[in-house]
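Below is a structure I'd like to ask you about.
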C-alpha cells in the first residue's frame, strides 16, 4: 500500500485545509472542525442543505458545496461517519433561518450520527429534517440498502430546489422523490487501501473481481472471474433493469477513484448501447468520478427516472466543483 | 465497589486492551464490514484517557463525559452506540461516588437499552447487542465475567448479520466474529474487573 | 493487470464513441477517425486550436474541447502519437478560415506526426502553425524536455485568446509565452499498465517510488525509497524553484489518473504551504486530474508565472469539461 | 533481383517476424521508452499485409503505398520514420518492376536519408539510424547481411541515447538494445533476403 499523504491521522484535516486554500472563493472551514461551508456563509432565507459522511469519497461531499447544491459538507474520518458535534457545526453553518435538510446515506453510523446531530440542532432551535438515500440494488433487502452514487442526484436536485426558494418541506419532498427512484450498482477489479491500517478492503487475485461493492472498501456481494467490461455491464444492468422501467432516465457511470477516465467512457459506451437497445432514453448522462472509494478501481452505474420537474432541477446552474453547470 | 478512581482505571485498562486488539478488531471489520472498527475504537478511547486526568465529582459526571467523548471521537456506528451507552448510564450512577455490583449492573442495563434504542437493534442480529444484552440479563456477582463474555463473543461467529454493514453479506457474514461484540467484551471486562 | 475495457484494440474508438454519445451538445466525431471536434463545427473567422497525442491522458485532450479552449482533439492509440492523416482531419475540422494552431507536446513522435500533418494541410491551402510544449524539468537538457501537464495552461490561454478574436500570430505568440515559462515535474508510487500488452510501465517494489516520471508509463529519472508526501513535495519543488522565481504564479497539482482526490488535496496543502513560505503568491490554483497516465498513482506539480494578460486569459470562460469556468 | 512479388514476400516475412518479436520489441521499449514499439509495428505491418493483395504496376507504387500505410497506422515516432523511409524510397524504385542489388541499395539509402531528415537524427544517438546508416554505408552484394545487421543491433546496447524517449534516461539508457534498431534489422533482413 502506497499513500501520498502526510501523517495518516491528519489526512482529513490536511485535505480540508487544502480544499479551502485552493478554493477560497467557494469554501470556508468551520474553525476547528473538518466541516466545509460556503465561503459567503449561510444564505438568509434559503433552506440549508447539508451532507457528509466518511471521507475517501471525494469529490463527495465537499465537491458538491456551492451555489445550487450543498451549503455544508461534514467530512468524517476516512470511511467513518462524522460525529454528531461535527454534523451540528455543519447544520449551524448552513442555517439561513428557514430550516436545514440533511442528506444522509443509509449506513447505521451515518443515520445515527446525523439523527443525534438533528436532535442537538433541534435543542438549539434550528428546524432540521433529513432524507435517507438507499440506492444500492446489490443489497436485496430494501431497508438495508446502502447509499451510494445516487446520492449525488439528491444533492443536485434538492440543491437546485433550495436555491430556487422552495420551503424545507418542498425540498425534502423532492429529495425523497429522487431517493425513492434512484438506483445504483457497482463493481471493482482492485480494492482500496485504508490509510491508517494500510490494509486493502478485500484481497482479490489476478483473475477475480467483486460485483456489488459498496463505497467503503467492503467486499462485494459476489466474487467472479474477471471478464471484459461488456459482460460486466450486462451483469449490473440486469439488476438495475429489474427496478427501473424503460423510459427517460439520467444515467451516471461513476468511477471509484482509481479508474482511468478512458475506461469510464468505454464503459459508458456499452452502458448507453445496451440501455438504448432495451428501450431506455438517456436524457442526461454523467461520466466521471462522483462518489469514489479512495483508489478503488471499478465503477458504478446509476439510473434515475426523469420527469420534467427533476430534469429542470438537474439542469439548473451549479457552482459546485464536482458538478459544475 | 466501583469508585471514581476504579472507573478511571477500568477505562485506562479498556484503552490499553483496545490498543492491543486494534488490528484484530480492524481485521474482523475488514472481513464483514469496512475495516475501521479498531481504528475508531482506538481513536475514541485515546480521547477518553485524555479526559481522565480531570477531576470528577460523581460517577455520573464521569460516565457522561466518557459518553460525550466517545460520541465525538469514535464516529461510525460504534460512536453513537458507545456514546449513548455511557451517556444514558450516567443518570443511573447519578451523584454516587462509588457503586456496588447492583448499581453497576443497573447502569449497564441502561447502557444496553440505550444501545438497542439508538441502533434499533435486538439480540440475534450479530452486533454488540449480542454481548451486552445476554451478559446483563442474568448477571450475578459470583459469575466468571470473562468466561461468560468470551462465550458471548464466540457465539456471534456462527450468526448471520441482519444489522450493520455485515448484513450486506448475508449468509457470507457467518464464520466471522462481530467486531463490535469483541470490543464490547473488552470494555465490559475492564469495568467488571474493577467491580470485583 | 485488470482493465475495464472491451477489446483492447478498440479501446480508443469506443472511448471516443462514449464521449460523443455522452456529450452530444459539445462533441462531434470526425467520421471514421478518432478525432473529436466541436458539435457546432469550426467557428468561422476564429483561429482554430488543435491538440492531441496518444490516448491515456484523459481528460486530455478531448476534455479540453469546447468554447474557450480547443476546437479539435486528435486521439492516438494509447500512449502513441496520432498519425498525420488523423491530425489533418483535426485541422480541417478546426479550420474557420483564419488559420489553425497546433499545440504539440515535445515527443519525437508527436512533433513528426503533427509536422507531417501541417505539411499536408498546407498543401490543401490551410494556414497552420504550431507550438511545442516542453515543460518537464525532470529532463536536464531543455531541448529534450517532455510536454506534460503544463500543456493544459497552453490550451486554456491560447484557447481564450483565439476565442477573443486574436489572429493566428497573436495566439501563437501567447501560446509560446506560456510554453516558454511553464514548468512541471511528476512522480509515481504505482505504474500504469499498457492495455494491449498488459504490462506495467515499470516494476516497483513496495518500498520504492519513481521521481521525474513522464506521462507514458516511462520510468522516472530517479528511483527512491518511498517517503511521505511532505518530503516528496520538497523534492519536486526543489527542481521547480530553480527555474521559476518567486512571484505570482498559477499552480496545478495534477493527478496521474489513479490518485484519490483526497491525496491530491493533501499534496496541494503541502505544496501551497511550502511555496508561500518561499515567497510565491498562489494567484490561481488547480487540483485534480488534468493530464493523466491511465491508472498511474502519482502526481505532478506545475508552475506558471502570471502577469495580468495571462491571468485574464486563464480566467476567461471555458465550456470544456476538463476545465469548466 | 527484387521483383514486385519478392517485395511483397519480404513485407509478409517482415510482418511475421515482427509478430514473433512483438513482445521483445515492446519489452525493450518498456525498459527505455514507453512500451509500445512492438504494438505499433505489429499494427502497422498487419495493415501493410492487408494492402499486398492489391496489384501494383511498379516497385515505386508498392513502396509508396507501404510508406503511406505505415505512416497512417504505426503512429508514435516509428510511424513517420518508417513511413517516410518507404515513401522516399519510391521515386528511386520509380517505374521499375524489378530491382537489382544496386538499385535496392540506392532506394534504401534514400530511405535512410529520409529517416535521418525526418528524425533530425544521426549515427551514434542510439536509434534506428544506427542500423540503417552503417548497414548501407559500405554494403556489398557478397556481405552476410544478417550477421552484419545483428552486429549493428547489438552495438546499440552499449550506447547512451540522445534522441527519442530513451534519451530521458541518460546514462541509464545504456545496457538495453534500441527497439527501433531491432525492428529495423527485421525489416532490412526481410528485404535483403529477397534480393539475394
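Each chain carries a letter (A, B, C and D) given by its place in the written order, and its residues are counted from 1.
The rule we apply is simple: a residue touches a chain if its C-beta (ideal position, glycine included) is under 8 Å from a C-beta of that chain, and two chains touch if they have at least 3 such contacts.
What you are looking at is a predicted structure, and each value in this text was computed from that prediction instead of being measured.
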| item | value |
| --- | --- |
| Shared chain contacts [subunit A and subunit B, defined touch] | none |
| Shortest walk length in steps over touching chains, subunit B through to subunit C | 2 |
| Subunit A and subunit D, separation of their C-alpha mean positions in angstrom | 53 |
| Geometric centre distance via CA averages, subunit D-subunit B, whole Å | 73 |
| Subunit C and subunit D, separation of their C-alpha mean positions in angstrom | 31 |
| Approximate Å spacing (C-alpha centroids) for the pair subunit A, subunit C | 29 |
| Of all residues in subunit A, the ones touching two or more other chains | 78 |
| Pairwise touch network: line, ring, star, complete, or other | line |
| Pairs of chains satisfying the touch condition | A-B, A-C, C-D |
| Residues of subunit C touching subunit D in the complex | 9, 54, 76-86, 107-109, 112-113, 116, 138-141, 144, 146, 194, 196-197, 199, 201-202, 214, 216-219, 221 |
| Touching residues (chain side subunit C, partner subunit A) in the complex | 1-7, 11-12, 14-19, 21-23, 55-56, 58-59, 63, 78, 189-190, 192, 206, 209, 226, 228-230, 232, 257-270, 272, 285-287, 289, 292, 294-295, 297-299, 324 |
| Residues of subunit B touching subunit A in the complex | 23, 26-27, 30, 33-36, 38-40, 43, 71-81, 118-119, 162-165, 167-170, 172 |
